[in-house]
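I've put the structures underneath this note.
After this come two complexes, each holding chain A, first together with chain B and then together with chain C.
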Partner chain A sequence: MNPTIIRLTARALLGRRRVLLLLPMPIVLIGLTLLGVSSEDEYVTPSDWGPLVFSNLGLAVILPLTALIVGSSVLGLEIDDGTITHLITKPLPRSEIILSKLLVAWLVTTGATALPLAVAAVIAGSGTLAVGLVVGTALGALAYSALFLALSVMAKRPVAVGLIYIVLWENLLVSFVDGARVFSIRQHATTIADAIGDTPLISSTLSVPTALIMVSVFVVAGTVGATRRLRSFALTGEAN
Partner chain B sequence: MSESGVIHDIGYQRYTGPRLGPGHSARALYVHSVRSAYGLGRSPWAKVLPIGLIGLASLASLIIVIINSQLPEPVLDQVGIASTFTFAAAVFVAVVAPELVSVDLRTNLVQLYLSRPLSRSSYALTKVAALATATFLLFAAPMLIMFIGMAFSTDDGVPGVLEEFGALLLGLLAAAVHAVLLAALGLPIASLSGRRVFATGMIIGVFLLTAPISAVLSELDSGTIGRLAGVLDPASLLNGVDQWLFDADVSLVSIGSFGPVYGLVTVALAVLGTMAAVWRYKGMKS
Partner chain C sequence: MNTVELAGVSRWYGNVVAVNDVTLSIGPGLTGLLGPNGAGKTTVLHLMAGLLAPSQGKVVIGGEPAWANPALYRKLGLVTERESVPGFLTAWEFVLASAKLHKLPDPTAAARAALDVVDLRDAQDRRISTYSKGMRQRSRVAAALVHDPDVLLLDEPFNGMDPRQRMQMMQLLDRMAEEGRTIVFSSHILEEVEQLSGTVQVIVAGRLAASGDYRHIRRLMTTRPHVFTIASSDDRLLATALMGEPSVSGVSLAEAGLQVHTSDYGAFTRALAKLAKARDIRLTTILPSDESLEKVFSYLVTT
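And now, the complex of A and B:
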């Protein structure tokens, strides 16, 4: 880890107006939770809207989307701007660069997603779910960040590839092919949150050991892959 | 050609031949944009994603044709394809729309366009039209495959083929509605940012974030609000239009008797989105 890289990355990420882009998602999440809690219809139970809010919105949209934008811009913006040359000509181990970037991406993603999810869970009246969601989101954010960080050095258009992973793999393929969920970070996060939370507000299908193992596989593979790729990184100029 | 007031000589090589006028530049920009949406005339890397998406859609349609021909009742018809593939089309728009406008913004190319006879509004309209055409092709390819497959497997001879052709036309009509709305929503959002990362993120954010909102609302209320919740998210909105106009079998939302509302909102959103794109370029410095 390198404090200077961490500081510069955090500033590039948070010091601009575009950080406000992350704001609408938590507002929608908490607003919908309030709507659900205040619903007076006796036919509507928490298990009707809970999975929709926490799983389908929180863990399926807000977490991957935040991680995608943050994870692919921590290093991607430097590649786009060409400032990556300054970074890789410094006498620093590549692993240090990648780990610092990953740390910032992880912290920002976790902060932007775990906090509102925990607040929403507390509003919904389940403290254990809040804890579960924080842990699940934190682990999911780590795996997503590592994946998208690796994509941003490997692919020409990391965001598009990441998007296709989120929408086509995690949302579409998983609903048709059962085995695909083993490689879906969303399912890992849901499983961990469900295991700790243990309420009808969320439901999962994987086993906890599988989820933990797969999360660590994603993190290790992403970090090692990104580091190796950055060792032989070729500057190709504007990626048009 | 009355083109007084247009400075053609901007310091490059002299040209004294005939000038083709703004209509031609708009057409050239349109053709170029549709081509670049699919990465034609670009490096192989630029082709991978759009061509890959259209290939996946075609493959899915081929599988559906095979299933359809084995079962007595088809599982998915042409309009069903339009409804089911909306999310794939949204991904396509999120990937392609930044390619069409954000790159121009980032490389300051848009200033060069706007300083030529092509007017600002026709630049914006051309880009919306190009995006809509590209998205329409994404729907049309799987539909065409389904038509060919179903026409070959029909048992009724020529009337059967004609029936399939009618279904194809209906499907293409639904596809056009989908394509226009998706393009009119995606392009103005993409034109806000010169960075593809954020343009893509914002577009897909709109599609992914609104879906759970309408899902929760329709879950909480089974009356008027629940029936109308679908208009809040583009995929349900378009499915509502499909159900209302084309009797789609696939139903993501229950629209009740509010079909016309869905139609009206679709038209309003398409017009508003196009106007937003025009307005975005109106005030731009060049």
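And now, the complex of A and C:
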């Protein structure tokens, strides 16, 4: 880890307008929760809106999209605008660069997703669910960040590839092919949140050990892959 | 210990050869990498800086391989052509961050010294996004200098600078070269480097076309054959008179006037007006017709 890289990355990330993209989603999440809780219709129970808000919106949309925006930016923006040369022409181990970037992506994503989800869970009246969501989201955010950070160094269009993973793999393929869920970070996060939260509002599909092992696999593979790629990072662009 | 060596280096992108079998050795002092746009200068500099892997051959800086060797950056500094600076930082923050990333023992002192060298201390607390092009360039030079490198590579460092800034930059590079550093900079404008006291490497179409003393190459360039298109009140009379001039190697009649080939630019241009006046011929057009840089540089390939 390198404190200078961490500080510069956080400033670059939080100082841009792009970060405002992260605001609407938590607001919608908390708004929907308030709407559900305040509903006076006796036939509307938390089991009607809970899965929708926590699972379908929180873990399935807000978490991966936030992680994608943040994870593809921490290093990707520098690659896009060319300032990456300042970073790679320093005598730093490449792992130090990647780990520092990963830390920032993870902290920002967790802050922007776990916090509103915990608030929503507390509004819904469940402290344990809040804890479960925070832990599940934090681990999911770590795996997603590692994946999208790696994509930003390896792929030409990291955001497009990331969206394909979220939309096609995690949403479409998982519902048709059973084995696909093992490689879905959304399922890992859901499983861990469910195991701790212990509520019918979210339902998991994997075993906890599988989820934990797969999160570590994503984190290690993403970090190692990104580091190796950065080690032989060739500057492209105008060749004159 | 700070020589830059390329041995049989080529670099291609798919079917396009950007750098073709270049072998050169650059020692301490100031060296200009000259060539027209698109000749492969940036690719050569990026190969030297370890930002590109050679497709073939070897790039060695001070005995160490340049590619995939981050430790190299302890003694190498690079200023790229792309005007990429984190605009949200001030120059002070930017240079200080560079010093810290180099893990220097006293980053504050190093940053201060580097900003002094490029004369940017007065503006150091303003955001880089508010700077002029020349100031941005200087802030990037400061960041590249902050660790006091033995080898400094600069890609088109004079681009966008006014003559005064250009002078200052040349003096700065000269001074650093005198201290025993190896300084390599690229440029596509020969006149730009007239202050230069060192050697030049001329690159044309990815190949090393000429290499050596600047003055020698400069001479080659001014005595190269030129073609002029000349129109006058009496083209035929002018043509016969021109053939008597030693500096003229050929004249032909064309629709637009005369095509005159000369082997000595200076002597010809001095003689032309006198010659026309003596025969009472009025000159209406004088156009140098092969002044493109590509032609100037490619002439060097054949000498």
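Everything below uses one rule, namely that the second predicted complex is superposed on the first by the 237 of 240 C-alpha atoms of A that agree within 3 Å, B and C clash if a C-alpha of one lies under 4 Å from a C-alpha of the other, contacts with A are read in each partner's own complex, and residues count from 1 in each chain.
The rule is simple: a contact is a pair of C-beta atoms (placed from the backbone, for glycine too) under 8 Å apart; a residue touches a chain by one contact, two chains touch by 3 or more.
It should be emphasised that the depicted structure is a prediction, and the values quoted were computed from it without experimental measurement.
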Overlay on chain A: chain C relative to chain B, clash or fit: fit
Touched partner set for A:61, first chain B, second chain C, both or neither: first
Touched partner set for A:28, first chain B, second chain C, both or neither: first
Contacts of A:112 with chain B and chain C, given as first, second, both or neither: neither
Degrees between the directions from chain A toward chain B and toward chain C, using C-alpha centres, nearest 10: 80
Which of chain B and chain C A:146 touches, first, second, both or neither: neither
Which of chain B and chain C A:36 touches, first, second, both or neither: first
Touching partner for A:124 - first (chain B), second (chain C), both, neither: neither
Partner chain in contact with A:93 - chain B first, chain C second, else both or neither: second
Touching partner for A:76 - first (chain B), second (chain C), both, neither: first
Superposition-derived comparison: chain B or chain C, residues of chain A touched: B
Smallest distance from any CA atom of chain C to any CA atom of chain B, in Å, after fitting: 11
Intersection of chain A interface sets (partners chain B, chain C): 238, 240
Residues of chain C touching chain A in the complex: 13, 16, 18, 37-43, 46, 49-53, 67-68, 70-74, 76-78, 80-82, 84-86, 88-89, 97-98, 100-103, 143-144
Chain B - residues contacting chain A, complex: 42, 45-46, 49, 53, 56, 87-88, 90-91, 94-95, 103, 107, 193, 195-198, 200-202, 204-205, 208-209, 211-213, 215-217, 219-222
Touching residues (chain side chain A, partner chain B) in the complex: 18, 21, 24-25, 28, 32, 35-36, 39, 41, 43-44, 48-49, 52-53, 56-57, 61-62, 65, 68-69, 72-73, 76-77, 80, 156-157, 159-161, 163-164, 167-168, 171-172, 238, 240
Chain C partner contacts - residues on chain A that touch it in the complex: 2, 4-5, 8, 11-12, 15, 81-83, 85-94, 231-235, 237-240
